[in-house]
Amino acid sequence: MNRSISIGKTAILLTTLSEQELKLLSPTLDNVKFCIGQVGSMNMQKVISAVETAARRNELIHSGLYRETHALYHAIMEGMEGVTRGHLAIGDMSRTVGLRFAVVRGKPFTNEGEGEWIAVAFYGTIGAPIKGSEHETVGLGINHI
Amino acid sequence: MNRSISIGKTAILLTTLSEQELKLLSPTLDNVKFCIGQVGSMNMQKVISAVETAARRNELIHSGLYRETHALYHAIMEGMEGVTRGHLAIGDMSRTVGLRFAVVRGKPFTNEGEGEWIAVAFYGTIGAPIKGSEHETVGLGINHI
Amino acid sequence: MNRSISIGKTAILLTTLSEQELKLLSPTLDNVKFCIGQVGSMNMQKVISAVETAARRNELIHSGLYRETHALYHAIMEGMEGVTRGHLAIGDMSRTVGLRFAVVRGKPFTNEGEGEWIAVAFYGTIGAPIKGSEHETVGLGINHI
Amino acid sequence: MNRSISIGKTAILLTTLSEQELKLLSPTLDNVKFCIGQVGSMNMQKVISAVETAARRNELIHSGLYRETHALYHAIMEGMEGVTRGHLAIGDMSRTVGLRFAVVRGKPFTNEGEGEWIAVAFYGTIGAPIKGSEHETVGLGINHI
Amino acid sequence: MNRSISIGKTAILLTTLSEQELKLLSPTLDNVKFCIGQVGSMNMQKVISAVETAARRNELIHSGLYRETHALYHAIMEGMEGVTRGHLAIGDMSRTVGLRFAVVRGKPFTNEGEGEWIAVAFYGTIGAPIKGSEHETVGLGINHI
Amino acid sequence: MNRSISIGKTAILLTTLSEQELKLLSPTLDNVKFCIGQVGSMNMQKVISAVETAARRNELIHSGLYRETHALYHAIMEGMEGVTRGHLAIGDMSRTVGLRFAVVRGKPFTNEGEGEWIAVAFYGTIGAPIKGSEHETVGLGINHI
């Protein structure tokens, strides 16, 4: 494959590995922009908002451009498809999520013309709103930006 | 959380990390059973079959028990929700996948009564059936077994 | 509720009860038209076709009218949503169904103006294409006709 | 089929038949645990909660074990797929449900190793939040436990 | 095709064209009943309610008959599938819609027996709840009535 | 709204209006690139392929760039959500489509930074594979490119 940087894999590792583990692996983060954050909620809007706010504050997307918001939004929703596995709903289905997320922006293809892409990864738990009644969940969305 | 082993994280790392990276991290694989495999196809049935066959051959599930097949099947389908993000279809939607997968079986909870659970992770690419016209994708399904 | 005949319940009982059990209950079938049939397949088209053919042969719908075919088709698909629970696919998801079905046409409301409605019920098994590796499944679709 | 007890059929009959009809049929309820209940709501969470509470109170599931809650939850959601036919939403889609439900736990397979399974059935009405503007609906979910 | 009046096309043009453009085209509206309206909301219920209220007030459906409400409701939901493209949710997914809608009732088939059908069309914008952060969207639902 | 050209409306009109009607309206097509085509099939892949081929041949997308194929693909699939209303399947659900499609590429926002976007519209019929047993359907997908 003509991919030089795996922005999806980078995003996944940023959410699943501890700081110590990341040091051992020391993934190449030189040629990408990224940010990480956390959100726990039964409310899908709060999850979307947490990722969008983090991406804007860390200047991963240009706040004034709808095309960048549009690209990020669809990457978030695709990542949440993996998290929710089949139904894009959290509280409505009586479940809650506790998620770490990472947004990575870079050029995953060697061909310069392919330009920048954005990856949004989620890792954490999903389950009943009762401590311990939950299992792990993961999601990844990728879009051209 | 009362989780002692993250079978989901283990499965994700087994699919995303190279052998060399796995050595650096050396995730604890002592208390779980696992297998890894690869499948490339436009056909969902082939993906399901590849994971089921690998799980059976490596004795991760008891072939003669439907309850174990049932648990694995739903974990596979939940993982494929993440891979396909919104529509459980590959070839019907003119796309192809190239996936590495891992199946991990173990006891993720400290409470013995919670018993065994199974995790199925996928990592690879999804895209048009043209070399290079694809991006990364990830999925994780977890079920009690 | 102003429902005098439960066409949905009638359809469900026609698919779930044995002949002997039906005799014990002797549900009121005087004011409805109905037919029953069976289909086993990994192919959604064959399931749809089996129900449509049975309904036409038993004159439950007027073959020459698209509006009746349209009403029946949507009732079938709604019933198959229950059977497949989340994804309207059978063979594509490596599963097979063995179904008994019933189509019931009648006037479920006391208000004459509500006219005729159609119910399509399914009862049987869904599972892996291996004998015994399956569990029960049910579906019901209802539409005005 | 190697099924000795049809827990799905039992659950369906418990929700669709009147007490009098049940007496006529007298389905074998000796080897299963079961409970029945009712819920009317535009809120999916209330439906889920009603079934979970009934199942716990009647000791159909072990409250302290997440694996049992997990098995029940997925059976409920699969049942609600049949009830809502295509979109797991009630009030968000301006509709309301009035449902009778049954939870049945038992050993549906003759092979002892297949262990216990759980069935959740729903029968009632779905429609606009206006008296009489509704039709029948059914759903069944089955899971290993 | 044996369709004499394209109620779907008529509904689409009533929502997408300006008054001036409609005059230029002067679509044949003699043999159909129709109404148009507007709704902006993050709430699916408000969208459904706006269309239902407009249809009732303009006597496009008979308020006292559930079969007509049922036909209209499913046409609305099918139209909203096009508007929301994949997930029947608006505010839950942090998005808002600004829609013009049209309901058209007529006889689209030359065969008298096919009777009346209803079309519901939507045209407008969908996007983030920020002025300008939105793009166009369209939906069309058709049902026998 | 800061939209100067409605590429979605343009695409819709190109598919729904006859040549004569288009002359009456003479929509501004100066600042956009567009192509139109037709496809009739029970096969989703053929529909996707027909649109992609037309877009490439008419140089609406740069064949050598995956980011453009990616943008177009998602616009096609979003348009097909409207056409299929709820389930991205045609033949699997025993139905066939006869569609006219239009692809429009342009700058819908006055802000130059928003760059180019692509719209894919479909208009035609969907129904049983029997002449006359079909009704109208519409879909629109829009993406940044």
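Each chain carries a letter (A, B, C, D, E and F) given by its place in the written order, and its residues are counted from 1.
Convention: a residue touches a chain if its C-beta (ideal position, glycine included) is under 8 Å from a C-beta of that chain, and two chains touch if they have at least 3 such contacts.
By chain, with names taken from UniProt: A, B, C, D, E, F = Hut operon positive regulatory protein.
No experiment lies behind these values; they were computed from the predicted model shown.
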B-C or E-F, whichever has more C-beta pairs in contact: E-F
Most widely separated chain from chain C, with each centre as the mean of CA atoms: A
Counterpart interface for C-D, drawn from E-F, A-F or A-D and sharing over half of its contact pairs: E-F
Between chain B and chain A, distance of the C-alpha-averaged centres to the nearest whole Å: 19
Centroid spacing, where centroids are CA-atom means, of chain B and chain E in whole angstrom: 43
Mean-CA-position distance for chain F and chain B (Å): 36
Gap in Å, rounded to a whole number, between the CA centres of chain E and chain C: 30
Contacts with two or more other chains, residues of chain B listed in rising order: 66, 70, 86-87, 89, 92, 109, 117, 132, 134-135
Chain A-facing residues of chain F, complex: 62, 64-67, 70-71, 74, 109, 111, 113-115, 117, 143-144
Chain F partner contacts - residues on chain B that touch it in the complex: 87, 89, 91-94, 127-128, 130, 132-135
Interfacial residue positions of chain E with respect to chain F in the complex: 1-2, 6-9, 12-13, 16-17, 21, 24-25, 78, 81-83, 85-86, 108-109, 117, 119, 121, 123, 125, 131-132, 134-142
Footprint of chain D on chain E - complex, ascending: 44-45, 48-49, 66, 69-70, 73, 77, 88-89, 92
